[in-house]
Each structure stands twice: as C-alpha cells, then as structure tokens.
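Below: a set of structures, written as structure tokens.
Presented sequentially are two complexes of chain A, the first with chain B as partner and the second with chain C.
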Partner chain A sequence: MKIAVLSGKGGTGKTLVSVNLAAVSPESVYIDCDVEEPNGYLFFKPQDIKNKRVTVKLPQADSKLCNGCRTCVNFCKFNALAYIKNNLIVFNEICHSCGGCLLFCPQKAISEKDREIGMIQRGISGNVRVVTGMLNIGEASGVPVIEKLLQDSRKENKDVFIDCPPGSACMVMESIKDADYCILVAEPTIFGVHNLEMVYELVNLFQKPFGVVLNKCLEGENPAEDYCLQNEIKILNKIPFDLELGTMNSNGQIAVRKHPKYRDLFQNLLQAVRKEARHETASDS
Partner chain B sequence: MKIAIPVDDNSMDTSVCISFGRAPYFLLYDTETEENNFLNNSAAASQGGAGIKAAQNIVDSGAEAIITPRCGENAAEVLKVAEIALYKNTNNSIRDNIEALKEGKLNLLDDIHPGFHQHGGS
Partner chain C sequence: MKQLLILSGKGGTGKTTVAGAFIKLADARAYADCDVDAPNLHLIRAHSLPAKRSDYYGMRKAIIDAESCRSCGLCRQNCRFEAINKSNGQYEVDAYACEGCGVCEAVCPMGAVSLQPAVAGELMLYKDDMVFSTARLKMGSGTSGKLVTEVKKQLRQEAMDADLAVIDGSPGIGCPVIASLNGADMVLIVAEPSLSGISDMERIITMAEKFKMKTGVCVNKYDTNEELALKIEAFCRERALPFLGKIPFDTAAIKAVNKGQSIIDVDCPSGRAATKVFYKTLLIMNS
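And now, the complex of A and B:
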C-alpha cells in the first residue's frame, strides 16, 4: 500500500507523520519527495548509503547536419530553442526534456546529452528503507527526481510512505499520482484551514481516497476540525500540541522509537489508515 | 538601420511597452526610408520562454538595434549572439526615442534582469 502525506504549507507535520508511520510499521519504505529540502533522513540517520545521480536529457544539434529548417524551434512549446546565425541555442533551464525536437528533426541532426539535476540516496534504518530525493540548488523543477523516486517504488510490496513537498503544485501532483491513500495534515488555525482546502481540492481532483490528521491540537477551538466536520471529511487522528513531542522532533528523534505513548498514537493512526484504505478498495470493487 | 521597439499598440501614436517579451507588438522602423511596420508579437501569449521567442522574431525581422525599457537574461543572450544592440528608452514616446537614437543620445541598456518567469511583473 502506498500512502502519501501532504499539506498546504511547510511545517505542518508531514515529516513527523510519515517518518513515525514508517517507523511504526513492521517493514516499510519511506520516500522523501520533498526534494527541494528533504529532511526525513535527519530522523532516520540511515546506514549503508548508496547514491545515484538523476539526469535529464538535453538536446544538442550537430551543426554539420542541421540545415536551419527550424522545425525544432517552432515545435518547442516552451521556447527553449532559438536559431541564430546558423546555430541552434538551447536554454537548459527552460527545456522540459520532452524529446520532441529530436523526434521531429527532418535532418536527424539532434542528439541528446545528460545533465545532472540531483540525486537519490538510499539507506537502511532498522525496519525502514529510507529513500531520499535531492534536487540540486538552482534547478527549476524537481519533477524528474520525483518521477525516478516513484518509478523504483512501483515494485514494492511493503508499505510505502511518501513524504510530499508542501503545497499543491506539480511536484505534489507527481508525488501522489500512484498513491493508494492520502493523509492530509492540518493545523488548528484559520490559516491551517486555508492550507487544508488547497490539498483537499487536489485529492478530490485526483479522486484519491483520503483522511485528515489534525496536528498540534489544543483544548478549545479547532477551525480545521470544524472544517472537516462541515465537509464530512474523515478525521483519522488528532496529535496533541505537546512540548515533549516537539522537543524530540526538533532534536531529530523518532518519537515512536523513543516513547510507548507515541508508539500507541501512531500505531492507532496506521490502523485507521489501513482500515480506511481497505474500505475504499472494497467499495471501489 | 532597422530598429525594433516593443509597443502597446500597432500605431505610431502608441507608447513604448514596459515589457519586452510580452509586448503586444514590435514597431520595426527603418531610419533611412522612414518606413514603419508593426510586428505582431506571437511570443506574448507563450506560457514560458516569451523573451526567447520574441528575440528570435526580432532577429528574423532583420532589425539591427532595439530600444526597450528592459530585457530579460534569456532574450539578451539570443540578441547578443545575433549582435543586436540594445538601447534604453528615455521616455514613452516612440518618435522621441527614434530621434534620440538618431542623434546618438540613447544609452546602451546594461541592467539585464533575471527574467520574471511567470512570477508577476510583465
């Protein structure tokens, strides 16, 4: 089962939830898709690390074969190509590596070269295989790194926990595409409701089964909870606003490996997720 | 010499457009024959890379100089390879700028900005 954890903004608790769920599961894979600033590995401190480069394809023209017909320039929807003074100029940051220019070149003058945009790091932390995507600084899009991360996880028969980037843009869409179930993490504020709405719209658009985890819950009013009740959104669990949990988290410790209290909390959450996800599959078939 | 200016409308009474890549039109003005032509900027509606496409269109039009308030990095790279000179306009009147260029009163545009890339601005 693949479970994606998402939220409308950073700092809501996606990593807290996904790291602890992965740690509490008997055997699991944790995939950090927040490739711009991955931090799950700081908690797991994985061993036996292996790195793999992630590259994208960039076109290059052979000036001997190119006759300046500009089929490629006219084809490129992203305007990544210009033809000036008998030379094809390629703008690396704008190219989406679609390969169309290569395909349509009547002279077969275009070939592809690799450009490194990031890497994937794999390691082991007890019962968890930790896979982290890391995008190089200054790159325009992490989507190719996320694609690679999830490609390899397709064959997995263990539970996979996908720690998504914040927000609801392309990189998040890429991260939840294959997920069987989505967990939306929300904060108990009006701002938290706005962030929740963003990801709520997204999972609906993708028609993914989902439930909400309310994080940092205090006594008294909880606008995020009210929002869930009004919209009949399943609340999976509530995580209290808790100094001890916050301290462990900021020290890079995994709460479920430190304290039975939190082990119970996340075990219950995992059970709730399993029950919901199964229920969804059953009602689908 | 043929010069190109990003403009807001296809008329000699219009003003210089504040954007290069997303200007609706380019005025192509021939300083010798005093002929003017308006080029519909097909790049204006592009999702991305508007500057590159606009620069390509201007290069193809045969212009040798451009008068513009600003220009992004990518467009500037295309224009540099094509050896087209970039001048900074002094005000919004097309005619004034053309006169100023003829008299050698325009400065070269030296502050090339990194581009807006769909992050606001125009």
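And now, the complex of A and C:
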C-alpha cells in the first residue's frame, strides 16, 4: 500500500506523521519527496548509505558540425540556447531537457551529456528503508528527482510512506499520482484551514481516497476540525499539542521508538488508514 | 523602495506571522505575498476594497486537434515528459505534465498539434491607502517562479513611492525563492529551533550567500527547544551573520491569527519580541 502524506504547507507535521507511521509499520519504506528540504533522514539516521546521482540531459554542440543556422536557438521555447561569437551557449538552469534542439538540428551537431541536479540517498533504519531525494542548492526544479524517487518505488511491495513536498504544485501532484491513499495533515488555525482547502481540492481532482490528521490540537476552538465537519471529511486522528512530542520531534527523535504512548497513537492511526483504504478499494470494485 | 524579504527555508516557521507584525510596525504601504503555492498573508490583512484580479498565463500547453490527428504516435514517441497519452484510440495531452516545449507540435506531420495559452494562476492586487500584491497558482501548475516575478512587478508598479516593502517569501530553495530574492535589499530568515529547522536554515543561508544577499536570522518559538535556539545563535556568530532576536512560542499568537489579527494588535510576549527583531532588522538593512 502506498500512502502519501501532504499538507498544503510546510511545518504542519507531514514529516512527524510519515516518519512515525513508517516506524510503527512492521516493514516499510519511507520516501522523502520534499527534495528542497528533506528532513526525514534526520530522524531515521539511516545506516548503510548508498548515494545515487540524479542527472538531467543537457545539450552540447560539436563546433565542427555546427554551421550556426540557429534552428535550435529559434526552436527552444525556454530561451535556454544562444548562438554568440560562433559558439552555441547553453544556459544549464533554464534547459528543460526536452530534446528538441537535438531532434531538429539539421547538421546533427548536437548531442547530450548528463548534468547532476541532485541525489538519491538510500539507507536502513531498523524496520524502515529510508529513501531521500535531495535537490542541489541553486537548482530550479526538483521534479526530475521526485520522478526518479517514485519510479524506483513502483516495484515496492511493502508499505510505502511518501512524505510530500509542501504546497499543491506540480511536485506534489507528481508525488501523489501513484498513491493508494492520502493523509492530509492540518493545523488548528485559519492558515491551516486555507492550506487544507488547497490539498482537499487536489485529492478530489485526482480522485484519491483520503482522510485528515489534525495536528497540534489545543483546547478550545479548532477551525480545521470545523472545516472537516462542515465538509464531511473523515478525521483519522487528532494529535494533541504536546510539549514532550514537540521536544522529541525538534531533537530529531522518533516518538514511536521512544515512548509506548506514541506507539499506540500511531499504531491506531495506521490501523485507521488501513481500514479506510481497504474500504475504498472494496467500494470501488 | 527598499525591499525586506522574509524567508525560512521551509513553511510553518512563522514567516507570515512575522511579516504581518512587520507590516503593522513599519506602517508599510507596500507588501506582497510571494508564497504563490499557499498564500496566507491575506488572511491577516484586512482591506477595505476587494482585490483586482487578473489571469496569469504560464507556459503555453500543447493541444491535439482530434479532427486532423491521424494517430501516427510521433508526438508521444518524442515527448520526454510523458505528457501524451492514448485513450480510446485518441491521442491526448496531459496538461499537468506538458511543459510546453513544442516538440510534439514540430514533429506532427498533420499540423494537428498546437501550443495554446493556458491560465496558470491568478494575480491579485489590493489597493486602498496600502498596496498588497499577491497571487495564487492554479493547482498543479509549475511556473511558480514566473508568477512570483509577476507579484513583485505588480508591487513595484503600484507602490513605486513607498519607502519600504515587506515581502513574505515562499518556502524552500527552488525557483520561487530564487525569483523572490531578485531586487531584495535584505533577507530576514525566520528559523525554528529543531534539527529539521536548522537543516533548512543552513540550506537557505547557502542560497542567500550564493546571491550575495544581506542576511539576518531570528528564531521563532525559541522556547520549544532552547538548546537548539542557542545552537542557531552560535551558528550565526560563526558565519558572521547578524542574529536579530528570539520570539517565544505564544498561544496568544495563535488566537490573534485565528481572529485575522497580527501579533502586534494584541499585547503579548511574541508581539513584544517581534518588535525588537523588527528594529534590529531595520538597523541592519539601512546600514
């Protein structure tokens, strides 16, 4: 089963939820798709680390073959190419690697080389295989790193927990495409509601079964809970605002591995997710 | 117009809460929300007039005309973004995956494919005695950097004579952040005292250094982990970055935000601390 954890915004507790769920599951894979700020590995401190480069294709011209016709420059919709002083210049960060320049060069002067934009790190932490995508600083788009991460995870038979990037843009969509179930994490503020609305729209668009985890719940009003009740959204669990949990989390400790109280909490959550996901599959067929 | 940009490397650290406080403290007549993926600043800034809205067009997207398509499949073979699918014998473009590169259009022997303008979001401008520029990217669009540039352009055009603009940045280190750095006079980083927060902060500081930005750091919710808050302070000393203060965790802040207020509108510990950070930031920015 593939479970994506998303929130519309950072800081709501996506990593807390996905890390602890992966840790209570008997055998699981944790995939950190928040490639701009991967944090999950800080908790798992994985061992036996293997790194793999993530590269994109970048065009280069053979100056002996290039006759300066500028077909490639004119074709490129991203303005990633220029022909200056008898040389084809490629602006690396702007190139989308669509391959058009290579395809349409009448002189067959263009070939491609690999350029590293990030890395995938794999390691083991007890019962959890930890897979982390890391985008190099200064790179504009993490999509190729996420694509690679998820491509590799398609073969997994174990429980897979996908810690999504914040927001609801292309990188998040990429991350939930294959998910069987989505967990939306929300904070009890009006910011939280606004961000929840966005991912709510997103999971509906993709017709994914989903439920909400309300995090950092305080006594008294909870606008996010009200929103769920009004919209008949399934609330999977409420995690209280809890200084002990907060301190463990800020120190990079995994709560379920430290305290039976939290093990129970996340085991219950995992059960609720399984039940919901099964229910959805049953009603689909 | 001087631009103060507030960043954090990640969401949830309190950028918007700090931005809301600074706008009030500075009596800023110009401000913007560059978190076009999940804008929140409008929730705590009331305006007397409704926003002027305009469509934002991102990259153009391919469309296949079913009438002229002869299903040769060349478009799909040559698309590197897996944006062309065949359903019911008909080739179709997945608009979410399409990057608008135009390869399909150029290879189609029937001229059945064309690139068409596509709405990728909405720009909003609130203007009364203050100018507030913000935007929202459409679900699944990928051109957030360009939209951030538009938000900032709109702000400059409408509030040219304002002394100070406070800009709520976007999370991360990717293209929207790079776009929001452009033209900023100073970056204030709001950090959270957690291992994750420190990791994100280091990444955003590296990014700011790359762009040679004047940078300062403050810690929000410092008392949720005082040890790590001290570590952040020490880190700043080592890197010779101005450390601009510590703001405590404060339930009054949550209550204020839920009422659509800033933490300056009520007398509370976080508001008082943010005020000190504000004046120190101004000193650094103007030095």
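Some observations on this one:
One rule holds for everything that comes next: the second predicted complex is superposed on the first by the 283 of 285 C-alpha atoms of A that agree within 3 Å, B and C clash if a C-alpha of one lies under 4 Å from a C-alpha of the other, contacts with A are read in each partner's own complex, and residues count from 1 in each chain.
Everything below uses one rule, namely that a residue touches a chain if its C-beta (ideal position, glycine included) is under 8 Å from a C-beta of that chain, and two chains touch if they have at least 3 such contacts.
A quick note: this is a predicted structure, and the numbers were derived from the prediction, not measured.
For chain A, the partner touching the most residues, choosing from chain B and chain C, is C. Once the two complexes are laid over each other on the shared chain, residue contacts for A:Ile94 go to chain B alone; chain C is not touched. Of the two partner chains placed around the shared chain by superposition, neither chain B nor chain C is touched by A:Thr132. When the two structures are aligned on the shared chain, A:Ser28 is found in touch with neither chain B nor chain C. Contacts of A:Ala82 after superposition on the shared chain: chain B is touched, whereas chain C is not.
When the two structures are aligned on the shared chain, A:Asn237 is found in touch with neither chain B nor chain C.
Look at A:Val73: by the touch rule set out above, it reaches chain B but stays clear of chain C. Contact with neither chain B nor chain C is seen for A:Ser175 once the two complexes are overlaid on the shared chain. Shared interface residues of chain A, touching chain B in one complex and chain C in the other, are 77-78.
Chain C meets chain A in the complex at residues 9-13, 16, 37-38, 40, 43, 59-60, 78, 80-81, 96, 99-103, 106-107, 115, 137, 139-142, 144-145, 171-175, 178, 192-197, 199-200, 203, 206-207, 210, 224-225, 228, 251, 254, 257-258, 260.
Interface residues of chain B, counted against chain A in their complex, comprise 43, 46-50, 52-53, 55-56, 59, 74, 77-78, 81-82. The part of chain A that touches chain C in the complex is made up of residues 8-12, 15, 36-37, 39, 42, 75, 77-78, 96-100, 103-104, 135, 137-143, 165-173, 187-191, 194-195, 198, 201-202, 205, 218, 221, 223, 243, 246-247, 249-252. Only residues 73, 76-85, 87, 89, 91, 94 of chain A touch chain B when the two sit together in their complex.
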